[in-house]
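Structure first, commentary second.
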Amino acid sequence: MNPIDNATETRLQRGQRALAEIDGEAGEAVVRSLADIAPDFATYLLEFPFGDIYSRPGLSLREREIATIGALCAMGTARPQLEVHIRAGLNVGLTREEIVEILMQMSVYAGFPAALNGLSAAKAVFAALDSENGPDEVGSAQDIS
Amino acid sequence: MNPIDNATETRLQRGQRALAEIDGEAGEAVVRSLADIAPDFATYLLEFPFGDIYSRPGLSLREREIATIGALCAMGTARPQLEVHIRAGLNVGLTREEIVEILMQMSVYAGFPAALNGLSAAKAVFAALDSENGPDEVGSAQDIS
Amino acid sequence: MNPIDNATETRLQRGQRALAEIDGEAGEAVVRSLADIAPDFATYLLEFPFGDIYSRPGLSLREREIATIGALCAMGTARPQLEVHIRAGLNVGLTREEIVEILMQMSVYAGFPAALNGLSAAKAVFAALDSENGPDEVGSAQDIS
Amino acid sequence: MNPIDNATETRLQRGQRALAEIDGEAGEAVVRSLADIAPDFATYLLEFPFGDIYSRPGLSLREREIATIGALCAMGTARPQLEVHIRAGLNVGLTREEIVEILMQMSVYAGFPAALNGLSAAKAVFAALDSENGPDEVGSAQDIS
Amino acid sequence: MNPIDNATETRLQRGQRALAEIDGEAGEAVVRSLADIAPDFATYLLEFPFGDIYSRPGLSLREREIATIGALCAMGTARPQLEVHIRAGLNVGLTREEIVEILMQMSVYAGFPAALNGLSAAKAVFAALDSENGPDEVGSAQDIS
Amino acid sequence: MNPIDNATETRLQRGQRALAEIDGEAGEAVVRSLADIAPDFATYLLEFPFGDIYSRPGLSLREREIATIGALCAMGTARPQLEVHIRAGLNVGLTREEIVEILMQMSVYAGFPAALNGLSAAKAVFAALDSENGPDEVGSAQDIS
């Protein structure tokens, strides 16, 4: 997975490209949902997390999603965002099994309820993907040999 | 990084081996500190997090530490454990720059104070390592070409 | 906005008056919901937060709601109460735009998920108010010139 | 309430027995829900919390549930688990009134929203029990003389 | 342990008596520390937590401290208050071993770091008590038959 | 207090100006502390929180600090940042008494320990200011008539 980098882009353009690559439709839905209440915040969301942070070369997107999925699961206050990032993890190369490993590991650091609720989020995302794609598509059991 | 696995070991033995590999002296100091107040808890700590979770094959130790460092930084309630796992991250193959990337990324999910306090923990660990080892040793700037 | 103060009232009476002024119907619904499970707790809720704290003269109610909306958004564990206090903020003089500013600002201190979830709460409250009142009433866009 | 102890059992067997005694059907539903996504985690859940911790003799199950209900209410990030443990508390000898006392007390340590949300969880559990059992059964008002 | 109750007292008097019984000198030090910065808050602290909540008859003080120690350990943001309540637990009849059990149990709900930091607080309190009293006094190993 | 706005500045310049106005020397010390470990993060800190958020016109700086002090006190995981923002609050027009009101109010939403620890932070900041300035300077009791 190549880090995202293009010196001639604006932060906003770079963020839009990164969001599309990482979060796909789920991320774009978040941006659209801000249009009528806080359009400037949609811009900040594209610029800082995606245009600045995710576009940095120091970690692969796969590694960045490992950290994010672990953190959101441990915090336990961000179910919608955890679901977006479970999808994002699949988009940037994590398998379902690897995501389950990350969530299970959080039982050590944030307790069993945090891990159980994270696994519940993963179950919901995996079921939605199977329903959207049929079970043979990206992120399904076939990815996991 | 090979996952830790040896079917003939007990959970406790496997946990002790994993703790030594991952956390080194810092982890053993935690276990020793429990001896007079909660010795059974030292056993649980070796058995469940290290003997069960970190010994699973589904993620590399490097990847597990990415998730743990992200989570502990985001939670903001576990400074001593974050310091132990910053050392552990270096032990299992993360560079200082990669750890700094993880901590910076947490500003997006848990806010700037969480990231700043995580970077403060990293700064303290890196300074302690330079003082212990001299700056040419494991985890120092020389690792990062 | 005058601070609430009347020396001859009991704490309970003062709290009831402050609750009615600040939270209106939404606050009274909370009190009613406690009647069959924890009636004493309804009394404490009226007496301490409303009779003691919100009735103090040191800050305006508008300023108190700025602090509360910021805190509940940042904590991320109190969605129902955040919605009550978004309504309360409108009742004591904050505009929708000012509430959105507070919620956006929390991205800095508690991360983007906390801010996004706070904005989602605001969106739900604003939509409910428009549905209850029609869009020309208290707290609607017309307040914000 | 006798602590759970049987030296010839495996941890898993002891955990299954403790789960059945403490959480009853609600706990077994949690274990079943893990079967298709993280079956190993169901094993860990039985072994460590129930086989190791709840089976220790140092506190009664009633006292352990007091600590757990207080903690889950205060954390505010574990509504499903709080509901399971409110049922568990009733199973191991707490009355509805005692559970309400614990939840009310959490207003002091974690704030009124945490207590209100805990009381809301209790209200949902009590209503479900009344619906399942009729109001004359275990944990209903009749238990409280 | 009799619940605290005396209908002719004011809430403040009842709170002062409860604080003295439960927290002893450590609680009075908290109250004194507020004198120059927020004297009204010292009054609220005596009135609501101690005069209202801890004085209720529905749970014993020993049971209330089980809930509080569990909650403060799990929250992980209240080290000074956790230390005060570990002392308070010993004052109202918990043994050191029972307190260690509560703290260990929190590893299940809030993770190993929360439990480890709670045990560290207990170790500090027990050492301070041994230093103040000599090891034969209240709360020492001799209490635990 | 005029909002900060100057269309010809870069985000970084605007952030530096806002940081100097709001946080003064304490903010600049945070930026300097990042120079050797994460210099890019110092840039992000100036650009996003200060260049983007605090420079928006929708709330006064005084109101923004009310929200931030409330949030940091309630979160309980950001003592160093809470101290910086208590100083910042004084810089942008809050009195010591108003800051104490905000912190006391957080007992309602985040519990008494959060409020007590916030008041402890305020006490430390006020004492440091009195030591730096003598008691007649900005933010001292003389401000509060």
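A, B, C, D, E and F label the chains in the order they appear, each numbered from 1.
In this section, a residue touches a chain if its C-beta (ideal position, glycine included) is under 8 Å from a C-beta of that chain, and two chains touch if they have at least 3 such contacts.
Since we're looking at a predicted model, the values are computed, not measured.
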Partner chains that subunit E and subunit F have in common: A, B, C, D
Labels of chains that are neighbours to subunit A and to subunit B: C, D, E, F
Chain separated most widely from subunit A, comparing mean CA positions: E
Chain pair showing more contacts of the two, B-C and A-C: A-C
Greatest separation from subunit B - chain, by CA centre: C
Candidate from A-B, E-F or D-F with the same interface as B-E, over half of contact pairs in common: E-F
For subunit A paired with subunit F, centre-to-centre distance based on mean C-alpha positions, whole Å: 32
Residues of subunit A touching at least two other chains: 40, 44, 48-49, 53, 56, 72, 74-75, 77-78, 81, 100, 104, 107-114
Chain contact topology (line, ring, star, complete or other): complete
Complex interface listing, subunit F residues touching subunit C: 48-49, 53, 56, 58-59, 63-64, 66-75, 78, 81, 97-98, 100-102, 104-110
Parts of subunit F lying in touch with subunit E, wherever the complex brings them together: 75-77, 100, 103-104, 107, 111-117, 119-120, 122-123, 126
Contact set on subunit C toward subunit E in their complex: 40, 44, 48, 52-53, 56
Touch list for subunit A against partner subunit C, complex: 30, 33-34, 36-38, 40-41, 44-45, 49, 72, 75, 77-78, 80-81
Interfacial residue positions of subunit B with respect to subunit C in the complex: 74, 107-114
